[in-house]
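Heads up, there are several structures right after this.
The same subunit A turns up in both complexes below, where it pairs with subunit B and then with subunit C.
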Partner chain A sequence: MSNRLSGIILLLLGLLVILTTMNISLGSVYIPFQKIFATLIGQSIENEGWQNIILQFRLPKAITAILVGSGLGISGLLMQTLFRNPLAGPFVLGISSGASLGVALAILAGMTFGFGLTQMGIGGSWILTISASLGAILVLLVVVLVSLKVQDSMSLLIIGLMFGSATSAIVTVLQFFSKAESIQAYLVWTFGSLGGVTWQELQVFIPIVLITLFGSFLLSKKLNALLLGDNYARSMGLNINNTRLLIIIATALLAGTITAFCGPIAFVGIAIPHITRLIFNTSNHKILFPMVVLCGAILMLICDIIAQIPGREYTLPINAVTSVFGAPLVIWLVVRRKNFSKTFAK
Partner chain B sequence: MAGETHIAIELKELTIGYRKGNYRLKILENLDAELHKGELVCLVGENGVGKSTLLRTISGVQPPLSGDVLIADRSLRNITTLELAKTISLVLTDRIYAGNLSVKELVALGRYPYTNWLGNLRKEDQQKIDWALEITGTQYLEDQLISELSDGQFQKTLIARALAQDSDMIILDEPTAHLDLVNKIIILKLLKDLASNTGKSILMATHELELSLQIADFIWMTYKNDKMVTGTPEDLIINGSFNKMINHEAILFDDLHGKFRIHNKTDKLCSLSGDKSVYFLTQNALNRKGWSTTDKVSEISINIRKNEKEFIWQVRKNNLEKEAHSIKDMLDILNS
Partner chain C sequence: MKNLYILCSILILLMIIGCSDHKKVRQNKVGEGIRVQAPTKVKYAKRFNITYFDSYKKIEVNEPWPGSPDTLVYIITKDISIMDLFKGDAKIGLVRQPIENVVCFSTTHLPFLELIDEESRLSGFPTIDYIYSEKIQDMARNGKIKDLGPSNEINFESLLELNPDLVFAFTMGNELSMIRKIELSGIPMVLNADYLEDHPLGRAEWIKFIATFFDKDLEADSIFNEIEKAYLATKTAMDNIEKRPQIFTGVVYGDTWFMPGGKHYGTRFFNDAGGNYIWSDNNSGNILQLSFESVYEKAGNADFWIGTATYNSLKEIEQADIRYKDFKAFKTGNIYNYSARVSDKGGNAYFELGYARPDIILKDLAKIFHPDEMKGHQFYFYKKLY
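Entry: the complex of A and B
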């Protein structure tokens, strides 16, 4: 590893720490920095309200932001390499549509049959998570079955998109027959949210994301071979079907879990791999991988800070912020690099 | 090397094509051919005749419909993907979806079958990569991104990657497509030198008929709806296989003496005399095998005669006289 690269990694790690602290410090309630620091290192402070805000709300939210940013970034990278398509993202296989369907069924159908989730409090949030997971798993199973049948990745991509459209259509039909308040509840879920994840949920969330991230890092040699296309990869001894299955499972675990806990968070998954490629000028997954994790976490923390609009009572939907803030960044990077299309293919 | 019959690739009644359910689309049928160790074989034929399908079958990407491919005397069916990766490397026309990969990273991917799960390069891998870069003359490019390369540089890099894979055989699909004439010759010369200097067997699909006459040890000539013909380029000219494929025989012969002729290093001498009509072809074959010719008396001499039916090459070597009925026989006698 070159000195320049180690330097950049150190810089990004520093940035990550600073942004995490900022993310926890800023919010609708002003808390002095010393108090925040004291709470974080485990001392108890006299104002229990502040302590609660920091430990029960802001800290889990910051951790969630980090997990979401790196997880979606990596699943986007996996999909872009597998499909050799710059427009691929974590949700091209229909994972988020599956989760949406699960949630739509829970909220819309649930309300129709008389058990309103909004009245169920904490239990309701688990029901949302479970129905999103079930939806994502269902789509995953279908995609895996299809991938065993279909030989080339391009067909799989199109089939994934079709699944997405079909599930969205079902959700539309459900919405059509639902009351305004349930549609509102469903819409709020689709805005995405980092703040709703509790410590209890993090106990499930953190291990799944970390283990899957580690597992997919082990694929980086195979991913590099895939850059040369299926024929070359096979000729170098790569088992294509096997690798494709592992990539799909890793992506589904990351994107599915994140969607289940935070709703369908758009844009980050597609943008972060591009931003990382453009900044570091490499296609080598052994370098891209840690960089996407870092950049993803950093970008998500920034978006969350913007979403809170320091000093105000409300927070913007995270989905809106990622796109409004991220799109100009990607456009700027692409325009600055005139031969962008070449960075993706030769 | 010559005289030995070390067979690298052998096709046995091979029928290739595609299957879909019970339906079989045959592309080429009953192919029989051999590729010997250290030889450069050009696979020629018009577009759509099935050259790429044949290469895909030999490299194990798609299964044969019937018959067999033997790689170093073993059936392709019994060779694992990883073993095959260490035996055959490919140079294809496929797009590479990573313009941001550096030349060195691309070449290093050739070490894929030998490295551990993370792809870490050991000293031996590093040496092979350096050797591949050096022999293809691409060291000076090693830190460049492949999106910045010219087509000629890119092709050399792909060949370097195949060399790093350290396989006995290299299969190339139209490695000179999109290249200008000079770069074409540079690439072909590189391949020819690789075959004769490193003992690698090279099978290459190409449309460069004139150039392949000058560098190929053997030509596999495919026809639509007809049997594949194999032989030295000159034998194929003599028996009319070339004329059968391209209707412009004049072009072929003119180009044989064209100005882009590759200079063959010669270190052996023989005298050549006789029938003028195949004189230049004989000379061409001799030059390719490292012989220069003279019309003065020499220890080894070749005289070309013609009877009503065919040409006969009389080879005198060590005061023994033998008759050859094809260039191949003549070369075999010379090397025996």
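Entry: the complex of A and C
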């Protein structure tokens, strides 16, 4: 590892620590930094409200931001490598479309036809999480079945796109027959949300994301081979179908879980792998992998800080921030590095 | 030379005819009918105004949807010759009386019809399932009301087939194409802007708007006066109470807590009912989009949580987000929702009758905040959550 590389890594690690602290320190409510520090190291402070804000609101939100950024970054990287297509992202397989359909059925159809999951004794935010997961799993199953049939990754890409169109058409029909309030509830879900994840939900969220991240890291070598083309990979003794299946499952678990808990978070999944490639100027997954995790976490923390509009009572939807601030960043990096295509697959 | 004289004379003659013709049209536009004494006066509503003439009535609706620069003008008359007079002006909507057959687009219009005993005129409604009123549901069951499909996309052919004498419509400004389509079809339509009034009595006063089409101005006036009297009586009684509990409302959707601003319609209810709404100082008449933590900071110790959207039990609230449990109002069980009367299919009386009867909403709220003062009143729209 060159000195320059370790320098950048140290810088990013430092940035991650600083941004996590900033993310927890800044918010609508002003809390002095000493109080935040005291709370974080486990001391109790006299203002119980502040303590609750830090421990129940800001800490889980910061953890969620880190997991979402890393998870979506990695699933984006996996998809871009699998399809050898820089436009691919975590949702090309139709996973977010499946999740959206699940949520739309729960919110829109549930309210319209009166068979909401509430009647089944599943309450509140879990309704959305469970319906999004079911939708994502359903799409995943079909994609896996298809991937076993077709030999060619491009066919998968097209099938994923078709899934997206079909599900969004069904969602449109559901919206058409729904009350304004349910449509609004659905739209709010599509804006994405990091703050809705509580400790209760993190107990499920953290292990799934961490285990999948670790599992997909083990695929790095195979991913490097895939980048050079299916035939080359095969000649290196790689079982393409097997690898493809593992990549699909890992992506679906990451993107599906994140969408289930936070809604369809736009843009970061496509942008983070590119940003990382441009910074490190490499397509070696052994380096890219940990760095995408790092960059994803950093970018998401920044987006969340902006969305909070520190010091104001108001908030912005996280999706607005990720796209509005993320797109110019990628454009700037691409323009600055004129040899962008070389960073993708050397 | 002679020819020139003739030409000049013709020209002058034409100019005179042209002028007088022009004058006539202009006079008509101003409304040359003889103005008569108004049987009612609009006191609270800011969005509509009725002027009475001997053979017709002129209604103006200001800012019919949020941000609209227009003032809509409607002429109501029994006299076909009056209609001919105004026919040329595309900006004036003409409504011919009597109105036997009416279509409403909003549930908020229905209680007004019922209060003035004209609900039997209702012949069509978009998505009848959303109606709470049992009387109107009965009519629908007997096939007297046609379902016109989802309200955001009315089944246009069914509407044409009904051929109503009048459509009471409303628009938020985002589905104007449908409104234009109905206009072009020639079916008389008026836009209600009741939902844009910022005073509860202003919304209730739209009974006068609906009633004037049925010539029930006087009835509407006396009904409204009763509602106003009842509202003000409760308000006056509550104004004298020193101890005002702190109030907040709404729930989190995504990352955003939707909270009415200080000048919002709902805010006045809380303060008139003897409460102290925490965001009263805010200057916005819209819904504020707040972060969860800022609401927690300000309202964590508030006494009452009024209005919890779709949550109807403490368990549902807790399951939606465990952090709601940290609110004092949750711990003390002082949470109320406007869901005491909801039909099986989801029609909610609060969103229907509530507009017309702010006096009852105010009494409900006053009973929540100051139960000792309102012992005689039974909850109507609100219920306590358990």
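Keep this in mind: the second predicted complex is superposed on the first by the 333 of 346 C-alpha atoms of A that agree within 3 Å, B and C clash if a C-alpha of one lies under 4 Å from a C-alpha of the other, contacts with A are read in each partner's own complex, and residues count from 1 in each chain.
Here, a contact is a pair of C-beta atoms (placed from the backbone, for glycine too) under 8 Å apart; a residue touches a chain by one contact, two chains touch by 3 or more.
In this text the structure is predicted, and so the values were computed from the model without any measurement.
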Sharing subunit A, do subunit B and subunit C clash or fit in the superposition? fit
Report, please, how wide the angle is at the C-alpha centre of subunit A between subunit B and subunit C, in steps of 10 degrees. 140
Should A:Thr282 be classified as contacting the first partner (subunit B), the second (subunit C), both, or neither? first
With both structures placed on chain A, which of the two partners, subunit B or subunit C, ends up touching more residues of subunit A? C
With both complexes superposed on chain A, which partner does A:Ser6 reach: first (subunit B), second (subunit C), both or neither? neither
Once the structures are superposed on A, label A:Gln43 by its partner contacts, choosing first (subunit B), second (subunit C), both or neither. neither
Quick one: classify A:Ser165 as touching subunit B (first), subunit C (second), both or neither. neither
Scan A:Arg234 for contacts with subunit B and subunit C and give back first, second, both or neither. first
Between subunit B (first) and subunit C (second), which does A:Leu218 come into contact with in this model arrangement: first, second, both, or neither? first
In the superposed model, how near does subunit B get to subunit C, counting Cα atoms only, in Å? 39
Subunit A residues touched by both subunit B and subunit C? none
Over in the complex, which subunit B residues touch subunit A? Could you list them? 56, 59-61, 81-82, 84-86, 88-90, 92, 94-102, 105-106, 109-110, 112-113, 115, 117-119, 145-147, 149, 154, 165
Residue ranges of subunit A in contact with subunit B within the complex: 81, 84, 218, 220-221, 224-225, 227-229, 231-232, 234-239, 277, 281-284, 286, 339, 342-346
Seen from subunit A, its contact residues with subunit C in the complex are 27-29, 49, 52-53, 56-58, 111, 114, 118, 123-126, 176-181, 184-185, 188-189, 191-196, 198-200, 263, 307-308, 313-315, 317-318
As the complex stands, subunit C meets subunit A at residues 130, 150-153, 252-256, 288-294, 296-297, 300-301, 309-311, 315-323, 326, 344-346
